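Listed next: structures, encoded as structure tokens.
Next, two complexes with subunit A in common: one pairs it with subunit B, the other with subunit C.
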Partner chain A sequence: MYRIRFHGRGGQGMKTASRILGSAFFRAGYEVQDAPRYGAERRGAPIFAYVRAAREPINERGVIAEPDLVIVADESLVGIAAAGVCQGLSERSVLLINSHEDVATWTHRLNLAGPVLVLPAREAVADRAELPFAGTACAGAAAVLVGVIPRDGLEAAVREELGSLPQQVIDQNVAVALHAYDEMRDHAGLVREAPTRSAKDYEPPAWLEPVFEDARHSAPAIHAAATSVQVRTGLWRTLRPVIDYDRCNKCWWVCSTFCPDSCISVTDDGVPEIDYDHCKGCMICVAKCPPHAIGAIPETDARDAALTGEPS
Partner chain B sequence: MKESVLKRMKDLPSSHLLGAGTPMCAGCGGLEALHEIYDQVGAKSVFVNAAGCMTLLATYPFTPFRGSWLYTAMASAPAGAQGVRDALDILIDSGRLPPDEDLATVVLTGDGAAYGMGLSATSGAIERGLDFLYICYDNEGYANTGQQASAATPHGAQTSTTTLGYAGYKKDLFGIWAAHRPTYVATVIGAEPLDLARKVQKAMSLAGPRLILALAPCPTGWDFDPQYTADVGRLAVQTGIWPLKEYVGGEVVHTKAPKQRLPVEEYLRLQGRYAHLFEAGGQAGLIDEIQARVDAYWDGVER
Partner chain C sequence: MSRELLTGNGAAAWGARLARADYVPAFPITPQTEIIETLGQWIDAGDMPGRMVTLESEHSVLTAAGAAAATGVRVFTATSSQGLLYAMEMLYTVAGWRVPFVLVNVSRGLAAPVTLESDHNDIMAARDSGFLQIHCATCQEVLDGVLMAYRLAEDERVRLPAIVNLDGFYLSFTREPVDIPDPAAVDRFLPGFDPENLAFRASQPISQAVAVLGGSPYSYFRYETHLAALNALHTYADIAQDFAAEFGRSYEAVENYHADDADIVFVMLGSFATKARDAVDRLRASGERVGLLRPRVYRPFPADDMRRLLAGKRAAIVVDQNLSVGKGGVLHAELASVLYGIPKAPAALLSFVGGLGGRDISAEEFFEMVTVARQAIADGVTPPPRLLYTEDELRELRKLQAVAEVERRELGGKR
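And then the complex of A and B:
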């Protein structure tokens, strides 16, 4: 059985990627399971989707703990422990990262036992409208890596899954998927099936243990104010707004009022400050600042700068 | 009624009560409005929230609110608010709660609940004169479940259930509320924060049934880049598609009526849900129809 996990952010097309790969497997004669993992969080938040494919009926359920292939659409997720990208990787699992950096860099950085591959990312993420293609590209790469999906089967699966979209958008997605398929062709078949395990060997994850709770716990009340600040939604960000204080004219209200997430507060001196622990990177402040004092930089650049000690 | 002390933008608060770290999408126009509204409503409040995106605001053990919050089924938030209001009144009347610890009873729902499923409970609550503030963030669809069409979806907009464009017409919730002769009804938008803050302040100074109806540009459901949330909102006002107005004392007054209305096209063009109107050989006639309806509305206002 093949066990494959796609990691990305809400809005980058991971659910679609899993569906395309699932359909492509199905067309190649496999039994298939594909499912996105929905949390309460949404666009921009780390999410994943997974695919199981086997020649016999699939009895396994739930999240894939021991993947044969993990595909990461958004390289900024690799360093986020909560995203769980590296969870369950062994010496036989393949990790494919959609990235601007090369294999040597990632191999050195992650020090994993199994093979690491890079799917060269398209231009920088300045235009977020491009991001949905990340999912299609990942599906195309996965299709060739498993070695049992023909190129035309991939194309048919993309057309089937995106059927309701305008023709031009479908054609663009087909081109992106096939390009990724061809780009990774040298590694065709690198991902190998792992044996199907019987239910007897199955170990339930600890959190499935149902504990009987009284009503105070099962219908809980929160007794503190604004506890949501414990949730670091700053991890959702792919672009970072940066204030140029020389240009800020201390207008007082624009960025602070429009930020939906209460992430910009103004000091007593009228200086706005961005709370990067929570800023989701919507960039409304960048669009609205009257003197254009707020710019956008890719979050990966900001993190690299922080690591090398350069001011961002 | 207290006249607003908010004279200019600089009177708006510079730090905010609603906590960060919520699960709403990046750039959510509903959250933009709510965080502005909450600064005026304050922590001495009980929010009664029907199912929708904003139910996720308070996911145990996290809440962005500084006061109370409780969850009801989609159709029942105004009924839940009745229970909360009655309980507070009984506690105060029986001396178990000092009157100065009273809390504002606030309903928070999406348009699916406000325009559709919850309308019967709302109508009953207004009829009973329930002392509550109803906040509806109108993202023109059932966003939390994947933007299916609702009774608030505008004509021609694509949703996941109307892939060729919604055939119906957006219900006039402002008019439906006003026909009940409640204390106060107002439309607002996060992109016009001073107008919004004044109206919420006014609503908070009154008793009885009050509605704050906020158009909520939804990057996810309307398909636009999240950085444009406030721009889409501003264009909704400047094209005349979203009239900012209030009903008080039996009269409707337009606040911020656009002096020179921009063509509706400028608003529609920014949003993927209208992309089919702009395709070659597409439904250009629909743009004219949408424009004609907006013009007819304002002709009626100006007459």
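And then the complex of A and C:
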């Protein structure tokens, strides 16, 4: 059985990468299991996804503890212990990092027993706006490294998994995936299926019996204040409310009172201000404003404007 | 028929679509939301003729589902975890109405603290409601289970609502190859709902069990519900036979994986049982005679099947992915009650609690459970129940507690 883990950040397409690789394996006649794993986090948080592929039905489930291949889309995750990038790597597992730095640097830095490869991150790929391609590139590289997925099978899998996107975007993704496939061709088949480990001479789990501890310590309480301010729920927004201050009649209370997330504050002069770090874009203020002074624009437009330096 | 990669959620949605569900009252909750999103997209696009209504809570969803089923249409809905508990009052109520429909529950641990991952305390909370329960171990079983659940719920020998349960993440978000059957074949297996006397109409009002009755009539109606649930056992056997004849997939009430010649048997529910299958394969390869029994039908409880299949075994290892606080694993207690006093019951009935909140169970832990069972057989002493939890896990937890401790001190709180 092949066991492969993809590590990235929410929004970089790790789930899609696992699905592209899963579909490519499935097309090559394999039984497949692919799944993302995340908590309540959204964009930017470390997430991972995994793929199992075998010639027989797969009974193993859950997180892959001993991967044959680990692919890291975002090199900044390597230093974050909680991301668990290097978890379970052995002398026979391959680590592939999407990075600007070279193999020698990473080999020296990580001091791993197994092979380390670098998928060169091009400027276009490293650019924030181009991040969706990171997942496709990783899937393309994985497809060649396992050695059993043909180039056209990869292309078909990309087209299948991205089917709902505009044709031009699909074509770009196909090009990125195939480029990564070709780029790593020298290492085709480097990743091998691990032999099934015997139930004989297994390492027994270090079980322990939890003991009673009083509720001051064993109740799940967080003692720091205002931790929810740290969570930028504004990243969830797809529509952005925008105040037209020329139309605002400085009523001082309607929008700020109706905002269910307390994201609109009013200055002493009666001017409302929206906290975009936490506004989820529910649009209640847009509906409630008596002089219709709050409009709505797609969040993507606002972000594009911010990236190009134009005012939103 | 086509074979495609589907998540457990996608498989549940396909089940509802192929069953030609007329009405889908819905409320989102992780990890169930993909089910109603998928159905919503199909209904919007005209790929599925049913009607979806989004309501303001799971309590209302269950009320709407029960009321719609009382009109004689085929109803599908889905929820998870806190949502199932929020609807709990109506679970008992609509089961008492004796209206058939299918509710998919995506198992997720209950707060507090919060987790999004699988754990069976939510579905166990619905255990005594009058809903039938089918527990799935694969995405294929989710799709097939929905189709079988309609047949079972609607059968005149039963007529009760049914829950099809799948595990959050481990099935809900995990894609596996799934055979999507031909609609014509599904229509043969599951014809349109014949509602018999269920014909609630605006012009023909019916009061559903609103009279305040004393204990004596209450006892009658409640026990009739119980008898209907018990009827579901042999009814299920008939339906499983029809299903196998139509689709070639065989689903007995209890999955029997190499249990016949085993002397030690795992007993588990849900998708974690496939991990046990994997462990059984590897243990057998090294000469251990072990097997797995997995109740697919959990309500009604397949008591006779479990007695027959466990007779003569030396030990049964029950792994509960739930915890009845102040008692222990629920499946273990139920199994003990059906095995007590029967000849040839396993001498050792071991209890392990594992997989709470989606915590993984490793192959080595399955191997070790067998080692513990062998020791119990040799000693003639059954060890106390054990939580699957390791020293490393406690060490990780201590780090979190240390952070909490520092914060508490910085804030001047009591130590």
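As a convention for this text, the second predicted complex is superposed on the first by the 191 of 312 C-alpha atoms of A that agree within 3 Å, B and C clash if a C-alpha of one lies under 4 Å from a C-alpha of the other, contacts with A are read in each partner's own complex, and residues count from 1 in each chain.
As a convention for this text, a residue touches a chain if its C-beta (ideal position, glycine included) is under 8 Å from a C-beta of that chain, and two chains touch if they have at least 3 such contacts.
Model, not experiment: these values are computed from the prediction.
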| item | value |
| --- | --- |
| First (subunit B), second (subunit C), both or neither touched by A:256 | first |
| First, second, both or neither for A:62, with subunit B first and subunit C second | second |
| Subunit B versus subunit C as contact partner of A:232, first or second or both or neither | first |
| First, second, both or neither for A:282, with subunit B first and subunit C second | first |
| Which of subunit B and subunit C A:222 touches, first, second, both or neither | both |
| Touched partner set for A:167, first subunit B, second subunit C, both or neither | neither |
| Subunit B versus subunit C as contact partner of A:111, first or second or both or neither | neither |
| Subunit B and subunit C contact sites that coincide on subunit A, given as residue numbers | 39-40, 220, 222, 225 |
| Contacting residues of subunit B [partner subunit A, same complex] | 9-10, 12, 14-29, 31-32, 35-36, 43, 53, 56-67, 163, 190-191, 193, 219-220, 225-231, 275-276, 279 |
| Subunit C-touching residues of subunit A, taken from the complex the two chains share | 19, 22-23, 26, 31-37, 39-40, 58-63, 65, 196-200, 202-210, 216-217, 220-225 |
| In the complex, subunit A residues that touch subunit B | 10-11, 39-45, 128-129, 164, 166, 220, 222, 225-233, 236-237, 251-254, 256-263, 265-266, 275, 277-278, 280-284, 286-288 |
| Footprint of subunit A on subunit C - complex, ascending | 5, 30, 112-114, 116, 169-170, 173-177, 271-272, 274-275, 277-279, 281-283, 285-286, 288, 360, 362-365, 367-368, 371, 386-392, 394, 401, 404, 407-408, 411, 413-415 |
